[in-house]
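So that you can tell them apart, the chains are marked A, B, C, D and E in the order they are listed, and the count of residues begins at 1 in each.
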């Protein structure tokens, strides 16, 4: 029915005629704005009236105990999970709750998953090629050509992620850590306005952690970054605002030092020691 | 407890482990380190029998040649395994996930030891939730709990702290130490995070490109070695 | 242009070369050597090969969606049959007054079931251009409607497979009904001529054979073009991690719909070429078992290698023709054993054997390296 | 009025006084039977009456044999014989007059005394009246029931007296109804009252006729009575449709249940599932061949045997093929399709391409009569119960036993399951054997309602996949609910859409339904399922 | 002198759904050939059977027919069962000018120069059966139940017209179609029961095909419908089908054929003996299509002898008018319309899977290619003799219909 009315509506602008993504409007401040978001699974409240804003160009760390709802929060932002109540805005123009995953992705929200997910049958190079910012509609994709510029970009990212030598390997045979890097690489190829990075350094050596931290810091400013991590050393090295989630809502917020002194945070999350 | 001699392994054409020797002494925690993709996980899989070995010896408990035993027997011999990437059974409930380990126990215990719930209260709380619904860290806890259900003599851990909140990571370390001290448990650990390794391991071994490059007591782990093998 | 890309590729050139050579050889064997000569190829064999080639085109269509998009369609026979019916309707209208009852408009089966006029959906099929257009449009329309519904709500995996099966099963039952106006169980037979050429002459048969070969070549190039394009890689990405592809900003359902529809159209063309050569189209072509068989050809030839699909279709159908003749009582044993043995011993299908013989690794990997080297 | 009608009173009287009648001079049996054999079609009735009238103690036996098509005459000797065994070229017979066994006689030598349906129903009436007097109350009741619609003017009186003397209430009711029907047929308005509320087809048939009669009073009374019956009928029809639906559904569910395990749980696209069902059905046939004359016992024994046969076949398939296809689920489609072709042709070559006869035991034929308009056929009732029992047992196995847990663990992550000490190979074998065995059980049940032949499996394979998927892959309960609901929908649609369209509509319904629930009725929910 | 053997093609499915019916026909022809060879062959030449398996796959029928005629160059084909397989083969046989004998009762509305129809046309089965029910049994209400394909459709159409001509009201005819292999008869049987409850004698005329019959009869029995209440007369249920059914519940239901295994003639007994010997199966049954092949084969050998050659055109000319004994004690003659004369028998099913004849036409009935009860074909006749030499001559228009007489 809706299809018919869509077809007969003269005013209607078909999706495939509209430009891929209209610009994000950040004149009024935050790039991401979540308010009173609640999600429950079979009665269990994974996110509980969460309110959170991320400013344009900000690098924000989110920490919190296992099961605090960090990944779920990212699921909501990227359209994977629909909240029961609340609102989520990207800039001041886009209501993310009315959009589906590809639309949100083409708005410029990129994501690295907690469990690395890459296209196992494709090579590292192809994985990056697919992630590249481009017109992702069907026919443009069919006729897309890889220009020199694109290649350079891919080479650049390969270098950044240390995967040059593996570029023709199928992604399925990579080790865990290598997949992590590949996913980060894919995120970079997308050139998103907002990066959601879930546990980027799990399985990385100290050195690599440093490199990752540098990378993320260098992105901040141009792009907004949200990082979830359990490695306190890493979070500290990013040295930005930290938000602590607990049982689906914000427990504390501030600099790393402030937060790590908060007794509640110490109790539920940090513990003594490290 | 476990002695590895001249281990070679191939993924199809590509030679991954090269003449690898490794000693895992009883009632000690041995930590294997190395950069991404050097073959740490592969080594552990060989011990568990998840990958086939092309040559070399795996001597368990001085008498058992592991390579001659079917995969299922290894857990019955008392080897517990926490793989990288959790590998829990996503559609089984948390409790059922734990119960899978009971098959390997020789003492006919058919109850999940209370100890595990004490260690990871969240598992008790979420007993009836499907494993796949848990958060990443909860899954990791489940994976460790599941390995402990069989009351292992040798516990193999592949980056166990990954994705787990700091206080629980510390707690896991503590428990490992306690088991080593009280029950004489042997631990083979793969870990990238130096502080953790330094704090909880007794011995270390460093791998590079499928070969073991160095080993020794954890205090012998020098900055030189770290620089040479653990940085890019 | 994405369509020219495969032409630069070695394997496609090889395929087209072989196909062209085969077409030429058959034509020569048939035309040059006189009847009775041991080298002569009878028109019976030529037609048989024509049918195999149309099956091969169908197999290529199935491989496109199964091998590269990960959709195991157990209902592609439906598109094949619809294309075939469109062609059949044209052929029926061409009979004109030469039917048993000599009715100028109505086909025989309508006359004796007392239809008094042609149903509306038969209009236009007396014109070749219309019928040929319908060969493409009808399967495409069905694929679009079905695909739109299914992909929109993210039906995947076995659910999709079984839905395609339900689709073809429902169509089969519907077409069996005489009220549908498609001749019921008997379908259409006794065709007279096509575009004015009598179907019972050898020349027309040879022409049909060559046309089928050309259609297969074009279909192959189209599929190869899609596979080699970025869209092809998006398809593979979709196959392996559909959700992840969405998070990269690809509208997965549209990619699926596009590839599925293209595949359905190719299947329709295959059906349309099959019908005049087989001399009959009936609802059996809609039967789920037929569609499953098509999948088997692809699997046997080697999934996700388009030429494998072609090999599979040719081998199985040739085996079927031969076995039903030389061992009528036991050919099912032979065919069954063939399926079992190939799966157990040749995991990559027959194409895998070829690839091994050529001493190379996975086909796609190699192609890429080649492409990279060329660039 | 034919001559038969005139002879009736004599016959009836004769029959009724038969027991107390002293054996009169023994009529010549040979003559009576010769008359029966040689009379032209129109004269046969008289010959029957003559036999019944003769008072010969063997008369009942002769008539019964005649009705059963077993009365023959030997060409050479002209002797009348009763055929005892009539299969093959030589038949076993006994002398009709002396009862002496003759043994095997070539069929060429036997000349059957021809009978047809109208004679048969005549004999039935005669024998029925006799049965009204027998001791067995069930038989009496049955005879009284059968009398409805058969009473005519000459019988009425005797039936009436029988009714008055009948002790059994049911018998009396039946006879009263029989009389009322007779009266209505004759145009007696007052009798309509008795028929009000009766659901029997004979009563309705009489009322229908009366409603279209010329007598306005009779017609209006009859149609009024009919409308009240219609109401009752509607309710009964609804119940009947529901039952039809459930029973069709139970067949679907039963056929699918094995697949719910091999495909749903293990992930093997088992195209040979249909043939495993077929093996079960052939086991039922085989058991009946082994135990001739005891079809019921054979069928009961076929349940374990069918399970074992199919389970063994399953084990062979698993060991020889499936085990090499670990991690390649789609290729199991190819291999098992090959297996299915081989099994079909094997049965065709070894047994026969023809269908085999599976006898329905006594206790499974007929129907359970709830009331005159609603009766539940036994075979389907049993199958419904059997299906529920099978599902209950399976659910128990999968939910409560260690095997169930291990199966699920192995299918979800094989390598890890083995590392947990689960013997994956054994689990595979047992699961596949279980799934196959259950398919065999389905086959045993299906042997009671459909052809047992090489194509049996083909007819169920598509539906089975449909049911499993509709219910949600991997969910046994879903399979049951899916089967039952699809069956019910089909039966609800069938009356107004016809069998073919109803099926098409059900398929379209499934397609549309899956749009709404892309993972079946009972989907796996949560993160894990979304991958 | 040493000559090439005469080749006889056998085109019957040995696998797939139709194998159940067709494989015995293959054996029948094999047996007849063997017998003929024992008698010294034909024209002094040996007969060689060429068996292929069209596997119940209709396009494959056409392909195999072409193989037989073009590659194997057989002189005659015995084959096909279903209408669609015949329709599929027909253009091939006509194009290559072959000769085919088709042994199964069918819907008529066809007459090909190259095909000889030895099975019954509707007027040799359906019409007499209905006459029997109407006149002998007194049936007034009719259920025409069939599988949804062309044979039942046509037959029912003919019967409907016929019944209406005889004054049966619309409301007294119920027509019902089911798909192939239909197995769930519950509601249909319940409807039939209801339909029969209206106070008039009711009968079911069944053109239900193949495997759907078993569940149908079973459901009838279970819902308590006996042959004495509502008899079913079937046109597609023969001894072969019955051999796979528990006949207990079916006793008394009817079938109309041109032959029953139980017919007590010597010719038939001999045939049965030979068949049992040939198959080595004491319980083997014979049926109507087998008799049709028996007649067809004998007609063909007779015609070849008359013509002195196996040349198709010569045999076609010679065979018209050939008369051979059938198995029921009469004679079958090949008519100019390529159909033969047959007696019509009505039989009741017995508990041993046999039919006992209850009625039979006094003489034989010639097969009518074009039904007199269908509008479209009333005016069409078929006569393959000169001068007409036409399969569908329209007497009203005075011209040979679409299918031109082939030279």
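Going forward, a residue touches a chain if its C-beta (ideal position, glycine included) is under 8 Å from a C-beta of that chain, and two chains touch if they have at least 3 such contacts.
To keep track of the chains, here are their UniProt names: A = Urea transport system ATP-binding protein; B = Amino acid/amide ABC transporter ATP-binding protein 2 (HAAT family); C = Amino acid/amide ABC transporter membrane protein 2 (HAAT family); D = Amino acid/amide ABC transporter membrane protein 1 (HAAT family).
Please read all numbers here as calculations on a predicted model, not as lab measurements.
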Problem - Shared interface partners, meaning chains that touch chain C and chain E - result: D
Practice task
Identify the chain whose mean C-alpha position lies nearest to the mean of all protein C-alpha atoms shown.
Solution key: C
Exercise for the section: Determine the centre-to-centre distance between chain A and chain C, using the mean Cα coordinates as centres, and give it in whole Å. Expected result: 43
Problem - Separation of chain B from chain E, taking each centre as the mean of its C-alpha atoms, in whole Å - result: 76
Fill in the blank from the handout: Whole-angstrom distance, CA centroid of chain B to CA centroid of chain C, is 52
Practice task
Any chance you could list the residues of chain A touching two or more other chains?
Solution key: 41, 80
Completion exercise
Residue numbers in chain E touching two or more further chains are 14-15, 148, 177, 179
Practice task
Could you list the positions in chain D whose residues touch two or more of the other chains?
Solution key: 344-345, 458, 500, 503, 526, 530
Exercise for the section: Spell out the residues on chain D that touch chain C in their complex, using ranges where they run on. Expected result: 269, 271, 321, 324-325, 328, 330-335, 337-342, 344-346, 349, 458, 462, 465-466, 469, 473, 500-501, 503-504, 507-508, 510-512, 514-516, 518-520, 530-531
Exercise for the section: Using the touch definition up top, name the residues of chain D that touch chain E in the complex. Expected result: 68-69, 86-89, 107-108, 111-112, 114-118, 120-121, 124, 201, 204-206, 208-209, 240-241, 244, 247-248, 251, 344-345, 348, 353-360, 365-367, 375, 377-380, 449-455, 458-459, 490-491, 494-495, 498-500, 503
Handout entry: chain A - residues contacting chain B, complex
Key = 41, 44, 64-68, 70-72, 114-115, 162, 173-178, 180-181, 199, 202-208, 211, 230-233, 268-274
Fill in the blank from the handout: The residues of chain C that touch chain A in their complex are 1-2, 148, 226, 229-231, 233-234, 236-237, 239-241, 243-252, 254-255, 258, 365, 368-369, 372, 375
Exercise for the section: Enumerate the contact residues on chain C facing chain E in the complex. Expected result: 42-44, 47-48, 51, 95-103, 109, 111-114, 173, 176-178, 184-187, 189-191, 200, 278-280, 282, 284, 320-321, 324-325, 328-329, 331-332
